[in-house]
Structure formats: structure tokens, C-alpha cells
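What follows is a pair of complexes built around chain A, which joins chain B in one and chain C in the other.
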Partner chain A sequence: MQRTNTPRAVARWWHGFVATAAMMALAPLLFAEYTLTLLAIYALLALSLAFVWGLGGILCFGQAAFYGLGAYTYAVVSINMGGSTLAVIMGVLVAAVAALALGAMMFYGRIGDVYLGVITLVFTLLLFKYASSTAGSEYVIGQARLGGFNGIPGFPPMNVPGRPDVVVYGLGLYAVVAVAVLACWALLRWVGSTSFGRVLIGVRESELRSELCGYDVRLVKTVAFGLGGAVAGLAGVLFACWAEIVTPEVFSLGVSAEIIIWVLVGGLGGLWGPMLGAVLLGALKGWLGMQQWMDSGLVMGALLVAVVLFLPQGVMPALARLASAGRKEGGHER
Partner chain B sequence: MNAEVVVRASGVVMKFGGVTAVDGASMYLRRGELRCLIGPNGAGKSTFFKCLSGQLAPTEGEILLQGGSIAGMNLHNVARLGVGVKTQVPSLMNGLTVRENIWLSANAVRQRSRAEVDARVDQVVEQIGLGAFLKRTAGALAHGQRQLVELGVVLARDPWLVLLDEPAGGLTSDEVHRMASLVRALTAQATVVVVEHDMNFVRDIAETVTAFHRGRILAEGSADAVLSNESVRDVYLGRAARAKP
Partner chain C sequence: MDQLLVSLFDLAYGIATLALISAGLALVFGLMRVINLAHGEFIVLGGYATITALQWGVNIWLAMLVVAPLTVGLFGLLVERLVIRWLYGRTVDTLLATWGLSLAMAGGMSMVFGTTTTGVPNPLGPVQLGAYQVGGYGVFVVCVTAVLMSVMYLVLKRTRAGLVVRGAMQSAQVVAALGHSPQRIYTLTFVVGSMVSGLAGGVLAPLVGITPSSGGQFIAKAFITVISGGASVVAGTLAASTLLGTVSKFFELLATPVVGELALLVSAVILLRWLPQGITSRVFKGSA
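Showing the complex of A and B:
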């Protein structure tokens, strides 16, 4: 992740970006867009943690919290506004502000890594508990009832900005999600190559040295955490548009754990690997869900153990190593 | 020796629970001075050093850097005053290349443009002779090389106060000479404080030596005077050294 600024690395990244965009454009020819949209949302969610954890070294066990906040905010605001435009913006903003606030509390409070994991985990479980206990009719925000365990159904779907009657669904929604994934990927990749991004990677490598250089580690980590929260919030917004219902399930431990598994399997440190991990594992889980003979949680767990044992750096870095080893054997290196 | 006093540490006391690591040490350093802190293990020199660098907040006493107190300041704010620190165990960004390590330090000076940062990195690399392993990851280097890289990281920010904790630790004798000449050259731009165990290194570089013992300053003066001081030899060098002619 360090030589990201050499012309060769930049060119290679652009090739990968264009190839990914092409694959995403062609995928609806082979697969149902309904499934593809969800997988792309998973990729976006994985991307948010890949940035926070892979680049920033902040292991957040509660990325689902920001995802869920984005989804709930979208539902509540869209019901009250009768359209999606402001709801999308608010969804991202609320998630970002929550992440910034939680991040500031943890990093300015000098919370250690283990406690950071515990706090983020508890934060999302707290939201899960709270959202689940809002069944009463007194839990209303504007015209939106929070609905407890049943969640909020029937909010306005995504529409073209300024045209509440033109609804974005199906292939259109897939296109929006795909563009969001590509844009966020490019954005976070760019952030990683700026001075800020390089300092963030430096902080991941050594907080002491970063401080001795005069960098405010607390500020750098808080900003990175907020940015990751914003991307997770966007994923939540898109999920709400796709599912057309939000339930407390978005805050659940299962979602948080899955995001971590996607990132680990895809390869910690990069951005593309975790996105691929999310798509592959998401597809596998969907497929396992359709049959009865094996529990999908069991398979996910076994897969995680296998990857950690045999490909400790993740699938993508292992493939990259294999490819470069092949090139060397073929005598094509340099 | 008439340069202005830039570091004023007075009555520094540092307690860890019931243990008093530094017990009322005072020290004044002038611009461009090169000072060695010596003393046996547990004498308090490293703790005193950490108080100077802002890594520890002294229990009592005051530390003024260029007239301003650093009490209550965060480590990165002390660093921003222009303090460069080499830690006892080199603290480098192990997963990053040597160049990126030095770049991150050079980049920390706020008023520098991108081109100036790159130019400063090249200068430091040249000065310390790091060209050969510029693209290697810092974590893959041998200890002696890491010591030099960390010195480069410290220099890239152009600090006016350089604090070096055991820069010669674990170096080969060639590397020790190299490190000594680099440290001596530093005094042209900075006040330098060195904590060191290696007596040859101390003799090589020091103008003024401060000997610590049990948290207090036992002796202070020219290298020759302090190193031949009877009580310093007693506590630090021990009987074996004293028996030598």
C-alpha cells in the first residue's frame, strides 16, 4: 500500500478501475440486478472498513452502526420529506457525524485498541437494542414510526432528484449503486495518496513516531474514522432503497462480523480486495441460504479460519504474489 | 560558550508511584551545545530525557524550551516546537519504505511545499548515505541501519533541539564512527542531547557530559573531567575500570 504514487502503480490502478467498471457494467447480462445491487452495497460497506482498518489501522467492530444509521436516517427523512434527495444526504451526514463524534471521543480520550473494539461493538449493539425497543406508538420522528423489531416499511423509494414521481429501481438503482461504489473507491484511493493519507498510513505503522514528527494522531484518526462512517452511511442509505424496509437487523452483530470477515478474506491493507471479498462471500451466503443442507454461518466461519490459517494476508494479496512469482519464473520481470 | 540558553530544566522530579526516577535535576543548554547524559542503568537519565522530549510530564519542576514551558503540552505539540527525538529502540514505520519514513518527517514542517519536502528528503538521504536501501521497508533493515534511518527521520524536520537516546546502541565500530561524525555535524544547526552507554562514543563526540546517579546529577563538566571524576568512576564504571591504570 505504500508505493501508490509511482506512475506504474497509478497506471495499474487505472487499469484495475476500468476493468472493474466494465465488469460491473456487464454483470447484469449474466446475473439478476436485484442480487447484484445488494452485492455492490456490500462492496461499498467493505470498502468503508477497508479504509478505516486497512489504511488507518483502526479495527472497528461496529461498522454496522454507521451503516444502520444511514439506513434508518434515510427511512425517517424520506417519510417526512416525501422524497429521497434530502434523505440520501442526511443519511450520509448523520452517519458521518456519529462516526466523527464517536471517533473523537475514543481517539482524544486515548482509548487503547482493545477498548476501541469493545466500544465500537457496544455502540452498534446499543443501537440494535434501542431500535428493537421502539415498537410503541410514542417512538415517532415526525411522521415516521420507528416500529421496533418490525422496523420501518413503506418509505418512499429513491427518486430522481427534484422529481418525486420518477422512481429509481431495478437496473437504475443498480447503476446508481455501481457509480457510488466506483466513486467512493476512487475517492478513498485518492485520499490514501494525499499527504493526509500518507500520514494516516504512517500513524497505522507507528503512532509514537507520527507524534514525534509533530502530527496530531488523534485528529488524523478521527477524520479517517468519520470518512469511513460516511461511506458506511451511504451503503446503508442504498441498502434502505434496495430493501424498501429497514429493521434493527442492520445494527446486528452478524452484520458487523460479516464486514470484518469480508475485509480479512479479501485482504487487509488494500481497497479492491475487501470489495471482492464482500461480493464473493455475499454471493456464497446468498447461495447457501437457498439450500437446506448446510448452515451458512458455519461455512462462513470455516472459510474465515481457512483464510486466516492458509492465506493470512487475504485472497487478493496471495493472488498478487502468485502472479508476480509467475512473472519472475517466466523471465518477464522488468 | 556565550550563546543563549535555549533549554532550561529546573528541579525536575519524576515519580512513578513510590519510585523516584529523577529527583531534582536541573540542566541548562545553550544553542549549538552538544551534551551527553551518562549514568548506570536506573540512574534516571532516560527518564529525564523523556521529560525533555515531552514523552513524560514531570511530577515537579519546570522545563522551558526557548523560554516557553512545555507543561501540559501534547507530544506532537512539543515536537512542533522543533524538537526531534530518536528513541532508545528505533521507532520507525516498519511497513513503509525508508524513503516514505523520511518523507513523513520532512512533510511535517508545515510551511514546506511538496517540492521542498522532496528536496529535503533527497538532502537527508545524501547526508546520511541511505541511498542503497531507500526502497527497502524499514522493518527489514538491520539494527545499525535502522539507527541511521531514524537519525535521518529526526533530521528531515530540521529540529533546533535534537534528543538522541542511545544512538550508538548495537552499532558496529565503523557505524559508531559514522554516527559520531553525523552527531557532531548536527551541532551546526541544533542543540543536541545524547543519552549513551558507549564510553568511546561519548569521548568521541562530547563537549560537556552530565553524569546521573540515583536520579540526581552527580557531576557535570568537560568529557575528560567527568569521565576521570572519582565518584563518577565509582558509580558508573565500577571497580574493574578503576583498577585499570
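Showing the complex of A and C:
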């Protein structure tokens, strides 16, 4: 494990952060902000699992559950309140509370890796089934009809806090999402370098040893899981603002699988790699969606199998290693 | 009285379908500790094999009971050779790889067969049960499941091959020292498990509309049935499908089928919370 809090590592991280921020600021000059916003939301979602799985070693098969909860909560609350400020807060809160509750149930029950995967998967399916079955007019929360498979359309979009008439959309929404991504990245990186974060990494490396050192592994994992859920919920809220409709699709297993693929391809253990993985694969999927001859599921699935088989450390880290090895060899020649 | 009989039959049918879709996964998980998340797509593949065979003019029974298991068995052999073999002992990686396989298979099948629902004609008429009628095909499904479970039990418990397979799962080294190849046993087990999944797909094809994406509805139920059942293949599957099938039926009668399915999932989560090793870690311990 590399030290992350030496002055040099911190300086390097800040360079990367500023470079990423600059790239995100310049990207709308080259690409349509509509696509960029979605890709940035994907990056945020990847970030949430990169933290839970990469730093905490908790493989959650149902990150889509918290993403979907965030999106649904936003839709329901914004319809009832007529504005977005409270809806954003509630979306994040509901996702975080759900993650904390589910996490507490699992980690205090000391459930193993595989069973953890099963329970998170089943939790997502439960939400998917329930959300799809709410087609009747009796499924109403306040003034919001859940709408079953067709989802909830036409809720108020994001607006400037306190000014329901000033709507945030287009480039403005992209800016909001980009700031959210950067802020969450910085926040999670900071959490990772605190003593809590180091205990979390210790738990990932050896649960037994951390426990023998006197740390409450259950609490640490639950809190980390809740934090990951909150970030995923924020991604869901932003997705709802971007798509202007939420459907049960947000809870689907395909979404959960994609998040895992992004993180795996981007490299487990880091935060930046998974975000890049999400952006690149999200763009690839969008491009494949436009092609008629190739199903994107086939490509994503084959990619996942190939990565697990051949590059369990992730594609980006492997490329990085290759590049640095090449550089060293070049140095020897000179 | 007659109504009770019909309800009981309904219950038996629910339990049987649950056991049928879980059997293949249970074999592979119980004996090899490999969780095949593409299991649902294996079942769907069995369904498509049946449909394709029917379109080629094969007799429906032959298509269901022979063509489907053979096709999926062959596919299983391929998957074991190319993917599963390299991941033995890495449970989480197996989960991820087979999940990828499941996505790829669903995508591939929708490219080949299209995304519309394809039906298979129901070959059996209704059967009189007292004053009521029940579907004859439902009776057939219950019988197939009963036979399948009995065969699996007898093979595992009473034959030499079953003994060797069970031995390999307890200690591959000892079995290897006795002159059997664990690698080959694993391959064989996976292929047989795939064949059972294919059979399930073939038998269920007339009842459920098969689409490339319907793997998801099988995998969830099969998955939790197997995990709740625990390590014993036959006893665990039967115990878990009886318990979960009854819970689901009960809530279905109280409310709607959707509530029944939700109750099934919730009860599985609660069960796992208290018995993380499955039902057979407490009762029916050591049975096949």
C-alpha cells in the first residue's frame, strides 16, 4: 500500500485534481454537454463503489439500489415540494440511511463476502420488483404517482436554491455535476487519508488483525458503506435531474453490473481510475447503443469476463505499469 | 375439500418450479462452491434450444427433455473450459466472471433471437381434480421435478460415481491420490449442472414466455433458494424451496403475486441473516 499522506503524494494528488478539473472545464468545448453530464454522473457512481469496494474491500452488487433510491426520492419529494432544494438533500439522505441500515444488518450479522453479494443483489431486485409493480393509482406518495414500469415523468427540474423559477439545465447542470464529482472525489480521498480511512484499508487487508488491534470492524464497514450509499444517492439525484424521468430501470441489475465493470476496468484500489473507466466505458456504451449490429450487453459482459480472467488488477493500472516499464527500459538504453 | 386439494396442488407446483430452476445451480454450488450467476441465462438457453428444435420439426417431448439438456450441457463444457476452470477457489472472481457471462449471453441471445417473447405450445390439456380442473402440464412439472430430485439423490448417495464426486468436494487431494482426476470431476459436475439447468429451461418453456432478458427472473429465485438451502444439494434445495415456496404462496393468497415474490426475497434475506450457512447447516446435516 502506497502512503497517501506524504507531502509528495499529497502534492501529486493535487496536481491530478487540478488537471482533472481543468479537463472537465474544457470538455464542453469539444463535446455536447448533454452527454458529458451523463458521463460525469457515471463517474460519480463509479466513485461511490470505488470507495466501498476499492478502499473498504466490500463488494456491493447492489450499488444501483442506492442510486435508484436517490433518483426516486428526488422525483417524489420535488413533486410534493415544487422545488429541488429539499429534494436533493432528501435523496442523498434516504440513500445514505438505506445503505446504513442494510450495512448494519449485514456487517453486524458478520455475513461473508459471497452472502454479502447475494443480499445486496436481492435488495436491488426487491426494489426493482416493487418499483415495477406500482402501476396502480393507489401507489401514491403525497402527490407523486409511482407509475410502475413507466416511472415518474415530469417532476420539477433542479433550480437555484430559494428561486424555484430559475431552473438549472444544460451547461449549468453540467457545472453542478462536475463540481459534485470533484467535491466527492476530494471528500472521499480525504476520508481515505484520515485515521478512519486507514483503519478501513486495514480492514480490507485483514479483518481479523484490525479486530485484534481493537477496532470495531463492524462499525467501520457500516459507516463506509453508508458513505458510499450517500454518494451513489447523489449520483441518482443528479441523474433524475438530467433525465427528467425516473423508471425502475435505475434499479436494474444491468446498472449494478456496469458500475462494477467501470471500477474493475479502472483499477481497484484507486478513486481516479474508476472514474475514468466510467467515462470511457459510458462513452463506449453510448456509441454501441447507436450501432445496430452489436448489443452493448454482449460487449460489456465479455469485457467483464476478460478483465477478471486476464487483468484482475484492472486495465488502467496494467497500462500504467506497461508505460512505466517502457520508460524505465528507455532510460537504460540511454 | 376439493378446493383444498387444488390449493395444495398449487403449492406443490410452486415448490416444484422453484426446485427445478434451482437444481442446476445447487449441484454446481453444493459440490464445487462455484456460484454461476449466468445460471438464469443457461435456463433461457435451454428454452431457446427447445423452441429452435420445435421449429425444426423435432417432437416436443424430445426437444424439451433431450435437446435442451444436451445443448446447454455442451455450452457448459465450453464455459467450464474457457472461464470457470481458471477461477476455482476464487469465489468472488467467479461471481464477477459469470455475471459478465450472463450479460454477454443475454446480449448475444437478443442479437440472435430478437427481443420478442417466443411461446411454446402447451402439449397437455387440463386434468380433473375433484370438482375442479388443474393444468395437466403443472402435474408434469411436479413429476419431472420429483424424478429429477430422486435421481440426483440416488446418484449422489448410492452410486460409486456419486461417492467419488462427493469425495472430491471434501478433499480433492485424497481423491487424486486414489487415482481420480479432480479436474475431470469438476468439469463433469459443471456439465451435469448445466444439463439440469437446460432441462429446467426446456420444461418451463411452455409455461413462461422466454425472452433473452428473462434470465434475471430465474437467477434471483434460484440463487436465494440455493444459498438458503446450504451445502446439501438435494435436501437443501428441497427444504429451501418448500419454505420459500410456501411463504410466497401464502402472501400471494393474502395479497398479490408481486407481494408473494417480495415476501420470498425478504424471507430469504432474513433467513440468511440468521443462518448464513443455509438451512442444511442446522437440519438435515450431512445429507446429499
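FYI, the second predicted complex is superposed on the first by the 322 of 334 C-alpha atoms of A that agree within 3 Å, B and C clash if a C-alpha of one lies under 4 Å from a C-alpha of the other, contacts with A are read in each partner's own complex, and residues count from 1 in each chain.
In this section, a residue touches a chain if its C-beta (ideal position, glycine included) is under 8 Å from a C-beta of that chain, and two chains touch if they have at least 3 such contacts.
Predicted model, so just to flag it, every value in this text is computed and none were measured.
If we overlay the two complexes on their shared chain A, which of chain B and chain C does A:E244 touch? Say first, second, both or neither.
neither
Should A:L208 be classified as contacting the first partner (chain B), the second (chain C), both, or neither?
Touch status of A:L208: first partner only.
Pick one for A:L304: touches chain B only (first), chain C only (second), both, or neither.
second
Between chain C and chain B, which one touches more residues of chain A when both complexes sit on the common chain A?
C
Scan A:L121 for contacts with chain B and chain C and give back first, second, both or neither.
In the superposition, A:L121 touches chain C alone.
Between chain B (first) and chain C (second), which, if any, makes contact with A:D216: first, second, both or neither?
In the superposition, A:D216 contacts chain B only.
Which partner does A:I111 reach: the first (chain B), the second (chain C), both, or neither?
In the superposed model, A:I111 contacts chain C only, not chain B.
Could you list, by residue number, the parts of chain C that touch chain A in their complex?
By the definition above, chain C touches chain A via 35, 83, 86-87, 91-93, 95-97, 99-108, 110-111, 216, 220, 223-224, 227, 256, 258, 261-262, 265-266, 268-269, 272-274, 276.
Can you list the chain A residues touching chain B in their complex?
Residue list for chain A touching chain B: 2-3, 195, 198-199, 201-202, 204-206, 208-217.
Quick check: in the complex, which residue numbers of chain A touch chain C?
59, 61, 105-106, 109-115, 117-119, 121-123, 125-126, 129-130, 133, 253-254, 257, 260-261, 264, 294-309, 312
Please output the residues of chain B touching chain A within their complex, sorted ascending.
53, 74-77, 79-80, 84-85, 87, 91-97, 100-101, 103-105, 107-108, 153, 157
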